[in-house]
Amino acid sequence: MKKAIILISLTILGVYLIDIFTGIGFGTQHFASGVKDAYLIGSKETLRVSNVVTSIVVNFRGFDTLGEVTVLFLASMALGGILYKKRHDVGERSVLFPSTRIVMSGAKLLFPSIVLLGAYVFIHGHLSPGGGFQGGTIIATGFLLMLITYRNYSVSHNRLSWVESLAGVLFISLGLAGYFVHDSFLANVFPEGKLNDLFSGGVIGIIYVAVGFKVAAELTGIIYTILHEKD
Amino acid sequence: MEKYLEILNYAIYGAAILLLLIGLYGALTKKSLIKIVLGLSIMDSGVHLLMISIGYLKNGTAPIFSPGHENELAKMVDPVPQALVLTAIVIGFGVTAVALALVIRLYKHHNTLRIDEIKNLKW
Amino acid sequence: MVGTPVLFIVIPLLAAFIIPLTGMVWKNSVRIIPGIVLSYMLILSISLLWHITETGTVIEVIAGWKPPIGINLVFSPFSGFFATLMIFLGLLVWVYSYKFKRNIDSEPALKYFILLMLLVTGSVGIVLTGDIFNMFVFIEIVGISGYGLTSFYTRRDSAEAAFKYLFMGSIASTFLLLAIMIVYSQLGTLNIAEIADKMPMMSNKLKVISLIFFMLAIGVEAEMFPLNGWAPDVYTQAPGPIGAAFAGIVAKAATYATIRVMFTMYDLSGAMDFLIVMGILTFIVAETTALRQDRLKRMLAYSSIGQMGLVMVAFGIGTKEGIFAALFLIFNHAIIKGLLFFSGSYLVYTKKEKHISDVNGMGKYLPITSVLFTIGAFAIIGLPPFSGFWGKLAILTAAADSKMVALIAIILSVSVLEAVYYLRVVNRIYFFPKKESMETQKPTINALIAMISLGIIILVIGFYPDLITGFIDRAAADLMDKTGYIKDILTINN
Amino acid sequence: MDIINIILLVFLAGALLTAFAGKVSSIVQDTLFLITIIVPAILFFLNININSETVISLSKIQLTFGLTPLSLFFAFIVFGLAILAGFYAVGQMQGKKRKGYLYFNFLLSIAAMFGILVSKDLVSFFIFWEIMTWSSYLLVIYNGKNVQQIGIKYFVMSAIGAYAMLMAIVIVHSLTGSFLISDMIDGFADMSAGMKLLIPILLLTGFGVKAALMPLHIWAPDAYSNAPMSYTSVFSGALSKMGIYGMVIVFMTLITKLPQESLIRDIIAWLGAITAAISTLWAIKQDDAKRLLAYSSIGQLGYIVVGVAIGTPLAMLAGLFLAFMHGVFKSTLFMVVGAVEKQTGTSNLKEVTGLIRKMPWTFLAALISIIALAGIPPLGGFVGKWMLYESLITSNHYLLVTLVFFSSTAAFLYCYKFLFGFFLGQEEKEWAHVKEAPAIMVVPMLILSAISVVLGTFPQLILKPINSALAFYGMPDTYNNLWKESMIFNKWGDQVALTPIVYGIAIVFVIFAVFLFFKNRKTSRYVTTKDISTSGEVPKEYENLTFKENFFQPFLRAVEPAMRRQMDKYMLAFAKGLEDLFDFTRRIYNGNGQTYAIYALLFVILLLLLSNNLFS
Amino acid sequence: MIYLILTFILLLLMIGAAIYAIWQKDLLYAVIASGIISLLLSIMFVLLQAPDVALTEAAIGVALTTIIFIIAIRNTVRFEDEHDKKIKKEKQLKSAEQ
């Protein structure tokens, strides 16, 4: 009965959605003029950042990104609260599956290259696909690999906090620099450089690196906390 | 033939909407908390796909000025939905992590994952 | 001027990132810094509120990109009124809970204050931002800090409440994204002012459907009737003062979002009537449910939901008087519900179940708290000379001016129910013998300060409402002036 | 700063100070309390100025204060009773708990009544009305007995009334754009027919609650009998008159402009008469003196409503005269009960007996007031009732006058029961130790009794102000034509002719009373109440065979059908039904998070399906 | 042309995986199916010219989300109907005792 009602409702919803989206059309631009062109031109001419998504994420809509890293920060904090245990309760972490020697050495080999890849991704965030989020996540997966293969591999909580906080402070202070120099938060204070140069886009690259560190630290923290939950 | 294949384009919308509906169906009917969270995350995926495909331009290129192709502005797909989805994915992950932590705690507290048995708070 | 609107967001975030570091060195900083930040925000918002009476709306752009390209923050009389109110209440919640947690060394206690600060920040962000997707991000910030705060006490059923909230919140945010995307696909912009400007370009069908999705998404946070199942659980299970924060801060921010979307962004004629219907439904269902509660906090929670329904009705009336009434009700609700949650949680402090019968005879043991609770109860019923009366009078006058006689009758008859359940509690406080097993917990000095200042505000506004009617009037005028809002933002010269 | 504002501020400050003065000393508290009543009264009576008007302007609303002759008349009642009851309260509260609480709310309700009387706009009227309601509510629940039932019942009924009034107020504002009462009266003629009917009905509902009109009276017996007696004397004497005050205004200014005027007048008058009749029967049934007086109060208010509703000049005069008289004698009687209760610890008519020699002064006050209440000639009650009957007959309401006459006659029964129960009958050993109440309680009672006597002789003392008050609302000058209208004043030439007769009766009465008093004193002998002849049957020990048991049983049996249907029970059943309904609706929140999410889905679907109708 | 068909197949697979994930009682498989959805999704993103999003989805959706789901399952129960089975078993035990 309940399921039938839900199915019918979902069908109605689906019909409406399909109706709208076929109406909107696929593969064409739906609006006459939008912010899209301003972003493309601004990214190319003013910011000199070749990856437009990056310039949107970090500069045009950088405020969203600030909110986003805050969401992750909050998530790791909330997670710590939800799964909080008194210190002496924290035992060994559960291991998903017993890892063999091959896995262990493989992980050890892979770990540096994963971190390096992540670092590469966020350093080149303004040039090629990728950036702080992607790079940070990749680094976090590296730590994840180590955490699930090695039973006693541990990440210092304090050190994570340091990285996380400093990266956050760096982000905000770069924004505040813009606030004090150009009267506008997140405004670019460094020379823009040349398109497709590593040192282009001024402050954007640096902020994305900060975001990368922050995301990496936060995600690692989240995984660390949730892994230490014993059954 | 080409014309019929044209319709296939809309399959992306259809699939995205289906993902959304399937996820919603799972979240609304499944009793297991983990299934519900799973349903929610599938639903999110559907919406993300929908958003990206709205920004897509036929024969468009990625919104990146690669060396030598600096002037193809008009051909670039809309970067805005991509930026939004980027944000949304990360936020979605944060929410999923919190949700799963809550699920773990609920399981410890109630020793069950069935949502219809976890209702100490009602009326 | 002390600063610009962007500092409302940036300073708390900076503090939030720094606090984990300072907390390693100096434990107490975790409690103190949020207080300092909140006080700073209050000073900033009050000074801005004075400032804009002379210069008009302050609009700040982020990253130097003018709207609609960049994100902008708008501190108008309307949003400034909300922001100031929410920050003030946030500060009081901080004062109240300064010593709330007895063992401050435990780790979650440290997180409490950061989460609280970011809850306030997120709500202020929702109110100030001029960008619809940015609003989504702030809603998520509020949501996650809300989940964290709700599940703060590990021994209660708090995880259950938080999960319900999260469940609803996730569905809401999915549909919010969908709605934003539909709007973006048609108008190519995310700026609220420009969306409002270009709204006529959208086809009616898409307008309606995206509005419905917006309503679902924001209605969850705004505790609209069929979407508010999570709210009483969260109010009940969160730590005492957080109930006040939800009622006074989160619900307010969501109401703001509702109004911004329905009133400013969309130009649909039926939207306002729809708001009235939803508000009345919320009001009736919540108040009748509150009547039959046997737990104090749950009763307060339903009552709070009902009040928010009333606010929606007042907005839905749509005239300037209606908006004036809504803003007055919002002010009252924030202050009074804050006081009720504050004092109520001390009345049933030591009990886990927090039954209404636990307040029996507390008038003798906690005299000040009881008197304050009584003042709050009388004020929320709408008895003069407390501030609640003026709000009620304002909404009734507005409804009468719009010839909605049936609406007046409904509001008044439900108000009778409200009076009944509050007076039942007051009677219990003073005239029932105390339960043998009930221990009392004397309020700490900081809690008393928070409660008494709220009580004084209720009385002062009750005697002299003109202290705030000026601000509310300007705010209402600001909201009514839709074209002015659009013009201000789209023609800004930085 | 106008004098009215000063008076209100004095009240407020005094109330707050009094509430907390108990921490300093009890005597300081008492003194402050009395000062706070007396000072405003003096200030007020020294500065009576009908034409002055004070405006407190808030940005949206202007609160206007001023006096009208009518409110002046009611202010006499309020302040007079407040001062006397204040002194009485000081005596009664000696050594009791929650003194500050009583004083605070007492003062606030006096202030609120004063505020109601001086309000010239509807908002301040409503504000003071509500302050009056909640301060009296707090006193109704004062003794903590069964507060959830009695208190809530009082508050709900009051709230229904007040909100009906508020609805009328906002509608008036939307139609005339002003909150001023005078604007409402002026603009009333231009309203649509529906509004014209709605507004008076809503206002009458509001005032009817306080005037304890059927079927809005259900709060009254419990509330009157549960409040401390010092307050009930004000409650019944002055506060219920606020309802009458409002009704007078509505009837004189709004109802007269209605096409359905006579219908509404008849309905309200009949309601008043029925209230009087039924509550008189209930009063006869009561064994507790407080409840007896409470029902009696409702009945008396019924007469007043009849007078006001009929609305001929004579009836109006009668109604307001009765209102004044009722204020005087009913508060005396409540004070008597309070005094007896303080001295004996109970107010049950079956238990207390033979106090006539223990509390002679109290008895005297009770006797005079009972005579006034019953409407026996030499005292004030008679004048009022006579005028009422006459006005009803002259306006051809024969059925109504029968009903009123019936209830007035039946009232003798409870009058007798009250008097006999406390003071007459044999003296019991149990009450041998009882002493007269302290002077501070007795003197107010005696003063009020004296007023009853004086007004019976010189009714013109109070008829004159009433007349000028009514003239303000356009009533023809009744007072000066009184002897053309009323028999009582004219058959013998002029109105003074009544006086010698009254004097004669009073002298005979007093001599007889003194004679009896001294005679009985010498020959009395103690007999227990059980020691009575029982026609050969031997009464068992536990059977109380005094005729206080089932006092008027045959009579009550005769009228039982009229009493079987209790409005109270219907309303309680209704409330119960509502609560059950709400219990059902709250199951919407069934605790399952998934269900809430399904609600969300259904919400969206519903809106999608209705979207064409909702948003166009 | 070939892209279209590839897209179509990808979409079909994705929906199939989604249905499987919802239908499957073994939560571990369901979670892995959802990981597969994310993987296919990230390929879709590449096809839709959104490489940034694709990278993010690949890292977060495929790796991290799946892992935390698996950890959650480790900490709770693996089968969706485990609870029902438990109750059934208890009932059987009870009836056997009687």
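All chains are identified by letter, namely A, B, C, D and E, in their written order; residue positions are counted from 1 within each chain.
Heads up, the rule we're going with is that a contact is a pair of C-beta atoms (placed from the backbone, for glycine too) under 8 Å apart; a residue touches a chain by one contact, two chains touch by 3 or more.
Please read these numbers as outputs of a predicted model, since none were measured by experiment.
In terms of the stated touch criterion, the partners common to subunit A and subunit C are B, D, listed by label. Chain pair with the larger contact count among B-E and A-E is B-E, by C-beta pairs in contact.
Taking the mean of each chain's C-alpha atoms, the chain whose centre lies closest to the overall C-alpha mean is C. Summarising the inter-chain layout, the chain whose CA centre lies farthest from the centre of subunit E is D. Among the remaining chains, the Cα-based centre furthest from that of subunit A is the centre of D. Chain centres here are Cα averages; for subunit B and subunit C they lie 30 Å apart. Computed from the mean C-alpha positions, the centre of subunit A lies at a distance of 74 Å from the centre of subunit D. Look at where the CA atoms of subunit A average out and do the same for subunit B: the two points lie 16 Å apart. One finds 75 Å separating the Cα centroids of subunit D and subunit E. Touching two or more other chains at once are residues 2, 6, 10, 13, 16, 24, 30, 34-36, 39, 51, 53, 61, 64, 68, 71, 74-75, 78, 82, 129, 133, 219, 222, 226, 229 of subunit A.
Residue positions 50-53, 56, 60, 64, 68, 71-72, 75-76 of subunit E each touch two or more of the other chains. For subunit B, residues that reach two or more other chains under the stated contact definition are 9, 12, 14, 18, 20, 24-25, 27-29, 31, 33, 36, 50, 53-54, 56-57, 62-64, 80, 82, 84, 86-87, 90-91, 93-95, 97-98, 100, 102-105, 118-121, 123. Taken together, the chains touch in the following pairs: A-B, A-C, A-D, A-E, B-C, B-D, B-E, C-D. Contact residues of subunit C toward subunit B in the complex are 133, 137, 140, 143-144, 147-148, 151, 154, 157, 159-164, 166-167, 169-171, 173-174, 177-178, 180-181, 184-185, 190, 232-233, 236-237, 289, 292-293. Against subunit B, in their complex, subunit D makes its touches with residues 586-587, 589-594, 597-598, 601.
On subunit D, the positions that touch subunit C within their shared complex are 58-60, 123, 126-128, 130-131, 133-134, 137, 141, 144, 147-148, 151-152, 155-156, 159-160, 163-164, 166-167, 170-171, 173-174, 198, 579, 581-583, 585-586, 588-589, 593-597, 599-600, 602-604, 607-608, 611, 614-616. Residue ranges of subunit B in contact with subunit E, taken from their complex: 5, 8-9, 11-12, 14-15, 18-19, 22-23, 25-26, 30-35, 37-39, 41-42, 45, 48-49, 52-53, 55-57, 60-64, 77, 82, 85-86, 89-90, 93, 96-97, 100, 103-104, 107, 112-114, 117.
Those residues of subunit D that touch subunit A in the complex are listed here as 598, 601-602, 604-605, 608-609.
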